[in-house]
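As written, the chains take the letters A, B, C and D, and residue 1 is the first residue of each chain.
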Amino acid sequence: MATKIVFIGLGNMGLPMALNLVRKGDEVCGFDLSPPAVEKLVQGGGRAGADRAAEVAAADIVITMLPASKHVEETLLGSGGDGGNGGAVAAAKAGALLIDCSSVAPATARRVADAAAARGLDCLDAPVSGGTAGATNGTLTFMVGGSAATLERARPTLQKMGKALFHAGGHGAGQTAKICNNMMLGIQMVGACEAIRLGQANGLDAAVLSDIMAKSSGRNWVLELYNPCPGVMDNVPASRGYSGGFGVDLMLKDLGLAMEAAVASSASIPLGALARNLFDLHSKAGAGALDFSSIFRTFERRPA
Amino acid sequence: MATKIVFIGLGNMGLPMALNLVRKGDEVCGFDLSPPAVEKLVQGGGRAGADRAAEVAAADIVITMLPASKHVEETLLGSGGDGGNGGAVAAAKAGALLIDCSSVAPATARRVADAAAARGLDCLDAPVSGGTAGATNGTLTFMVGGSAATLERARPTLQKMGKALFHAGGHGAGQTAKICNNMMLGIQMVGACEAIRLGQANGLDAAVLSDIMAKSSGRNWVLELYNPCPGVMDNVPASRGYSGGFGVDLMLKDLGLAMEAAVASSASIPLGALARNLFDLHSKAGAGALDFSSIFRTFERRPA
Amino acid sequence: MATKIVFIGLGNMGLPMALNLVRKGDEVCGFDLSPPAVEKLVQGGGRAGADRAAEVAAADIVITMLPASKHVEETLLGSGGDGGNGGAVAAAKAGALLIDCSSVAPATARRVADAAAARGLDCLDAPVSGGTAGATNGTLTFMVGGSAATLERARPTLQKMGKALFHAGGHGAGQTAKICNNMMLGIQMVGACEAIRLGQANGLDAAVLSDIMAKSSGRNWVLELYNPCPGVMDNVPASRGYSGGFGVDLMLKDLGLAMEAAVASSASIPLGALARNLFDLHSKAGAGALDFSSIFRTFERRPA
Amino acid sequence: MATKIVFIGLGNMGLPMALNLVRKGDEVCGFDLSPPAVEKLVQGGGRAGADRAAEVAAADIVITMLPASKHVEETLLGSGGDGGNGGAVAAAKAGALLIDCSSVAPATARRVADAAAARGLDCLDAPVSGGTAGATNGTLTFMVGGSAATLERARPTLQKMGKALFHAGGHGAGQTAKICNNMMLGIQMVGACEAIRLGQANGLDAAVLSDIMAKSSGRNWVLELYNPCPGVMDNVPASRGYSGGFGVDLMLKDLGLAMEAAVASSASIPLGALARNLFDLHSKAGAGALDFSSIFRTFERRPA
């Protein structure tokens, strides 16, 4: 019998994730504030939900893919934010599994987990990386927080949407792992731009220098797969006007979560915080919707 | 017939490099301000030089491995810094090849190249990475600036000391490539420390988190091969009290060269400059001789 | 008739503030988790509270001086954080005035104001600067958020504890003004340390250089009144081993609030965030309880 | 009898400075690569020089006001950079006084001083602040390096061009003092922009917030006299489209000198280096010729 899934949040990521579940045999009921998004799910074989509490109460698994902490708290914990009323945690049936794929504060994940535990429900924080292409192709990476047993329970479902599953630790650890990884990514993107531009300013060819660094101790994911300098690599955003890919404003959001987590946990992140502020200045200058590798442009002298 | 090489600068790097040349059949005459260093070369089969100008005048190849720009300029260009008197460029015989393996400013490499060109001599800037282990084992990486033809001429000699040769571009490009690579390395080392510590502060295991990042978009050379957190990897400086490896003060020197190159070439390096200043503060606190991954310690709360 | 004041939070700041109210004729009932703190208030002429809800219900004015947002929310809004039960907002009598002197997030101030407005109560956020000396001497500066009319109502009370009152704007504006001011202060403290040390490293006398900058465009409060270099000024923490003054951990807290506010309001604070992280590293190295000007020490080479 | 002065470098600063000397009775012979600049000096009562060596040999005082270290070295030390030939130090008559008002590296000032000392000539490094308005009105500030006796000798001449003279220390100290002061200024300008924008993003009025900070511990020269937010102050560049004032590229040059001085003297300047890189990014985006307070704009969201 098909697993009954309620999927809340059918945005750029959520919709293709939900469609992959449908395609692979699950019975998916979707909710989103945008009717066209829900309509696309229906066209793909899913079902439009009407009464959310009733649907949640009937679901085996509730998956959320929402923009920010406040949406996750409202949706899962209810308007009072305390799990008391109106939230999916309160509405879910005994034995249901809750999976939050949103990227939010670790503290939010822990609050959700506390509320779920109070009702005896299994839950996971399972934020993703891989972008819309990964969501569409079912090749996302999940960084998962929660118990190993719950991860095993969720594995068949997650594998319909992604290919790599990392168990980062207890509740909130999935969020923390994603924040740390994306902070590292943001830092090495900015660093790669600085290094390539410093080389160019001294007469080096960007492709030659990138290749040298990619084979030396400067090696990183950006230089290997996602070079920010136009023309160095085919099939990366830099070579198509910085369209597609992972947007500046999404990187900015993750680096903002890193800033908040650093303050909340008394950690020092001088480079991470600087990267956040550089992406913020870049976004303010109008680049929020471009791929995050477009930060390369800020290191170039603008034609007069 | 053995190639006659004058090797100037027999420090922690220069001595094992010169010994590899001896071992592989070259006739090496060494110079260093430290008599014990020269003595070790002699014990290894080299020869102690006395009259430097005369030895240089008889050499096929002159290799320099010196601490900083000023030493390179004095040694190769002479006390007036203009190639006019007392420098190896002036003393070398027609047809000699000059290879500077020191890590210095690109501008210094270009000055040396200009002086060599004025005398019709071939020269290369060929700074290395790989540390004392690479120097001893003959597995250094050379980043080379100069003509392709000169690089081919030098290749047999360089391959006695290292295994990877990158042709970065014209004169000075080897220095620039090394500066860019090491700036990238310094940035990703600090970034990795921040990410791992942020994770730990939120309850994650350093090894688990490092592994996740090393398999995701946060991947880089530090996380793959040189984890700064004690206990995560065997055989790295972090797991032996940050001894051995690549010293804080060497990284600091390279980041200082990056700062100077950025000013000289109107490039922006916000993260690179911040990394330089963090390593400088770390050195001032007494860590200059430790491996550069020891910057990890500054992110930990010191026991009261 | 004496104004009946309940004062919650009798720490290093709160206790001397409360004592000034007593001294100037108010009837003060104090609460604190630490019995000795309450005892000191009693010795100074105040009264120890027992039933907090009852005392609050009888008070004309309720003043809070607490460590962080969560304490303010629990104390004023109750355990549910929603004003519903157990909080001073719910307990206060009609017509009471609430003044929160804690340094907390602007969002917390706005939540308190919303709850107070729902009950028709006047309230202000009124964080202070001036340190324990200002609290003791009644010379604090208040940065006030709330209506001008409420500020006038509170003025006689605030003037018993301080001498300068700034009306920053509506609810939360007092907190924002303090955060901005202290971020500026933190930045110019670190900047002053950098400038003085750069001068010293180039042979300048710290006092001569400080004097030149204090009379030029580099002028700021730090250089005029709070020089961080030992020996330049008498009667500053730098000249007494960085004891007294405004602690590193307090500056760190304010800069953390700035980081959170920047993320919440999409503002860029590259220097502010860097200053926060430098103070955090300084605190981690063991300096949390020293005056914040002790960051000067991190710019000096530690004796071997 | 009028003092015979050779003035080399009649740019935006040098020309009005030379004209003030003429106006106050000196006999000024000027040199500049730009004939129109020399012509303006002639129209103001000065004289156009033809044979520089001859004019220098006849001068009581030689003043230089040049763009960068290399121009100062060429002009004063000659093409070989060693004082040997072609430079003003070599050409000057016995007893002549050399005053370099350019803003250059302290090391350059020391090289000039060494060459002058070898010839027994008095010299000073005397960089200025006060901008073109100060140069025109004769109200510049001089930060002077050299002996106190030489400063006294130069005082009457300097007072014809400025009103404040600071004796910073020995040779090079004037340059260092200016670099430190302007680094402090650059830091507090960026800091002020961050603080004001953070306040505005949280609903505060820029003028109210600036006033509060200017009266509190956040006080500095920028907030008192040079507010970067349009409309807060009359008669500042921010209120006339960031025209006039002290250009971004001039601040950038001074912060570049600070970066170089920090590397050369092993000093840490995390905020100073970050400010340099932010001004560099701002210049690259096209703002090089605007007043440096225009960095405020980068903190604002650009209209779509």
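Quick note on the criterion: a residue touches a chain if its C-beta (ideal position, glycine included) is under 8 Å from a C-beta of that chain, and two chains touch if they have at least 3 such contacts.
Predicted model only: the values in this text are computed from it and were never measured.
Each chain gets a centre from the mean of its Cα atoms; the one farthest from the centre of subunit B is C.
Chain centres here are Cα means. That of subunit A falls 37 Å from that of subunit C.
The mean-CA centres of subunit C and subunit D are about 40 angstrom from one another, to the nearest whole unit. Centre-to-centre, using mean CA coordinates, subunit B is 50 Å away from subunit C. Residue numbers of subunit D whose C-beta contacts span two or more other chains: 262, 266-270, 274, 278, 281, 284, 298-299, 301.
The touch graph of these protein chains is complete, with an edge between every pair of chains. Across the interface of their complex, subunit C is touched by residues 106, 129, 141, 143, 164, 166-170, 172-173, 176-177, 179-185, 187-188, 190-192, 194-199, 201-205, 208-209, 211-213, 215-221, 223-224, 226, 258, 261-262, 265-272, 274-275, 278, 298-299, 301 of subunit D. Those residues of subunit C whose C-beta lies close enough to touch subunit B in the complex are 270, 274, 281, 284-286, 298-302, 304. Residues 80, 82, 256, 259-260, 262-263, 266-270, 273-274, 276-278, 280-281, 284 of subunit A touch subunit C in their complex.
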